[in-house]
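Heads up, there are several structures right after this.
The two complexes that follow have chain A in common; it is paired with chain B in the first and with chain C in the second.
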Partner chain A sequence: MINLISSQWQPLLLGLWNTILCSVIALIGSLIIGTFFALLEISQKRVIRVIGSVYVEVFRNIPLLVIAMGFFLIVPMYIAKINGFTAGTIGLTLYTSAFIAETVRAGINSVETGQLEGALANGMTYTQAMRYIILPQAFKVVIPPLGNQFINLVKNSSVLAFVAGFDLMYQGNLIANDTLQTMPTYFIVGVLYLIITLPLSYYMRHLEKKLA
Partner chain B sequence: MSMIEFHNVEKYYGKFHALKNINLNVDAGETVVLIGPSGSGKSTLIRTINGLDPIQSGKLIVNNYDLSDKKTNINKLRRDVGMVFQHFNLYQNKTVLENIMLAPRIVLKRPEDENHELAMQLLNKVGLANKADSMPSQLSGGQKQRIAIARSLAMQPKCLLFDEPTSALDPEMIDDVLDVMKDIAKNSNMTMLVVTHEMGFARAVADRVIFMADGQILEDDSTEKFFGDQPSTDRAREFMSKISGHL
Partner chain C sequence: MQNFIDAYSWINIRFLLQGLWVTIEISVVSIIVSFILGTILGIIRYEKFKYFSAIVGFIIDIIRNLPLLLIIFFTYFGLPNIGIKPEIIPAAILAMSIFESAMVAEIVRSGINSIDYGQTEGALANGLTRWQALRIIVLPQALRNMMPALVSQFISLVKDTSLATIIVLPELMYHAQIIYGQNTNYIIPMFVALAVLYFIVCYSLSLLAKYLRRHLA
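Here is the complex of A and B:
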């Protein structure tokens, strides 16, 4: 195994880097997009609510692999030339954002509605009430489930392996095929995933305690 | 000068007819108490005044803003019309002081030192200056309600709406809140509309008493007439005799 690491550290490191990069982009992107669609889903206007729930239902009910493949195959044909990494990252972002939208929506609903009315009656706009009063409390409530989403996101980034995204999983497959050392390769890949997810998991717990 | 004018206002919740042909005029500086059995539309009526509940037809003018017109900037209207709720509705993620200072800061852009000074003055007025750094969850109901009143006053509104402000309080807390409200009614020229079952309070500070039942205004009397003689409708007399134990 030491041999494997010392001979293959470069492709492994590239994979690790791409997995981290994809995860960070998708994490930030899905949090923003997810929150946006959560807000659409709780809008007073029916049309906007429908747009929100159609988005959520579409992206959370199609397998991630199908979404990633869709972006990998269809977007280059009609819209723009994108590589596997970009296609996979976009797919992962949108897929995760649908789950985050549902999580954040549940968080918003857990804040007593009276506070929104209090803020509105106090002269704040709906946006101000959301920004200063409702969303901060909603996010506090949803940190644990959000942590789950983020960890799933890192693991789901392995979908990049199917669209030539040069992530950790993709590199692992290559190395396993080249060296035929299947078990040790995937063992190392697994450990490298843990190196990303364990600190993330620890950080989310820390955040939960800090804000509680 | 009129602060609030209802002209033939109708309000529905789905099929439920909550307000029926409401006509009402409240002058600036008046203190008006709304009473009536639960479900009679009192709360709905005052919630239409700051647009928390939209009306379906008729004309409603508040502080020269036309609430029946969809183009009216309702956020601007709300700066001048404060509201105190039955369940306080304090911001749970903010300290007492921040509850009071937040809206003046972000809505009125009041300078920070001035904002702080006014907030502390108001906390003194409601007798809770020592709670400035507490969180709402650490306060009793009566304290929460006094903070909620201070929060509304910090916007320096022209009109204050009270939606059953003492109904959720323990009996021994009620007087602290009513004292603050009496002080506002007597020592400011703010227009006040108060939905309450506190007849002692109504008798002491109201200029007028409005009795509602089944979504309609049945009586609109001066306080002297309502409590002195007797309400003129049977419905109101019946209501008053039922709650007379609380007088």
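Here is the complex of A and C:
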């Protein structure tokens, strides 16, 4: 196993880097898109609410693999040439944004309605009330579930291996095929994933306990 | 448009439905196994046996924080390295069950934790043994609380079976790949079909989750 690490540390590190990069991009993207659709879902207009919930339900109930592969195969045929990393990251962003929308919506609902009424009574517009009063309070509530979503995101980024995204899983698979040392390679890949996810998951549990 | 009509010939649709059937079979078996195993593991973790619970808990945490894809690779490509050669379907079920059991164990543990400890104390004071208190008093209430989370977990299990295409498990995604592999014009129709079929299965499950949330909580 030490042999394997000393000879293959470069591709492994590249894979780790790509996994982290993809996860961070997808996290930022899905936070923005997710919050947007959460706001649509709680809108007062029925049509907008329906648009929001259709988006969320569609992306929540289709496997990430179908979304990522769809982007990888269909977008280059009609729209633009994109590589596997981009396609995978876009797919991951859209998929995760649906879950984040649900989380943020639950967070907004957990803020008392009196807060919104108070803000409106003080002369704020609906947008201002959301921006300065409701969302800051909602985000405090949703930080632990968002952290869990980020852990899921890192794990789900392994789907990039299907679309040649050069992430950790893809590199690990290449090495396993090259060296035929499947067990040790997957062990190392697993440890590298755990380095990202395990501390985060313990920290989130700690945070949940503190907030509860 | 012609692509769609050609792609949805009866032969192709039947092939997709056969794949869907394998997806459902694998999901159901994995759900049953992971529900039983996960409940046992969750109870072990909750009960705080000396050392044993801590070790089980740590293993659960490790499995929960690994990508399912890695576990699938591990069971199908990794195990032959140490002399165990599972067939495709057992390997897929094994991987799904390992991963989902760990997820379910965590849900069960937090479900049991959500029940007031006074319930256990009351049961013990009434002469029930610790095991009886757990089985008769605490678990049924906990099960009611964790039902929505369990159903969401099983929805993601159904979606995650698509990952097993990588070990050529003949499920829905793999069958679609075979069809559009023969004719690239079929790529879009096949992905539409995939999206619709998965959506139907998962959305009906999530309606069930919503129903349970409303009527049990």
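In this text, the second predicted complex is superposed on the first by the 197 of 212 C-alpha atoms of A that agree within 3 Å, B and C clash if a C-alpha of one lies under 4 Å from a C-alpha of the other, contacts with A are read in each partner's own complex, and residues count from 1 in each chain.
Definition applied: a contact is a pair of C-beta atoms (placed from the backbone, for glycine too) under 8 Å apart; a residue touches a chain by one contact, two chains touch by 3 or more.
Note that the structure is predicted; figures quoted are calculated from it, not measured.
Contacts of A:Ala176 after superposition on the shared chain: chain C is touched, whereas chain B is not.
Looking at the shared chain after the overlay, A:Ala121 reaches chain B, while chain C stays out of its contact range. Note on chain A: of its two partners chain C and chain B, the one contacting more of its residues is C.
In the superposition on chain A, A:Tyr132 contacts chain B only, with no contact to chain C.
By the touch criterion stated above, chain B contacts chain A in their complex at residues 50, 52, 75, 78-79, 81-83, 85, 87-94, 102-103, 106-108, 148, 151-152, 155, 161.
Note for the complex: chain C touches chain A at residues 61-62, 64-70, 73-74, 77-82, 155, 159-160, 162-163, 165-166, 173, 180, 187-188, 191, 194-195, 198-199, 202-203, 206. Put simply, chain A touches chain B in their complex at residues 111-112, 114-115, 117-125, 128, 132-133, 136-137, 140. Remark: chain A residues 57-58, 60-66, 69-70, 73-74, 77, 151, 154-159, 161-162, 169, 172-173, 176, 181-183, 186, 189-190, 193-194, 197-198, 201-202 touch chain C in the complex.
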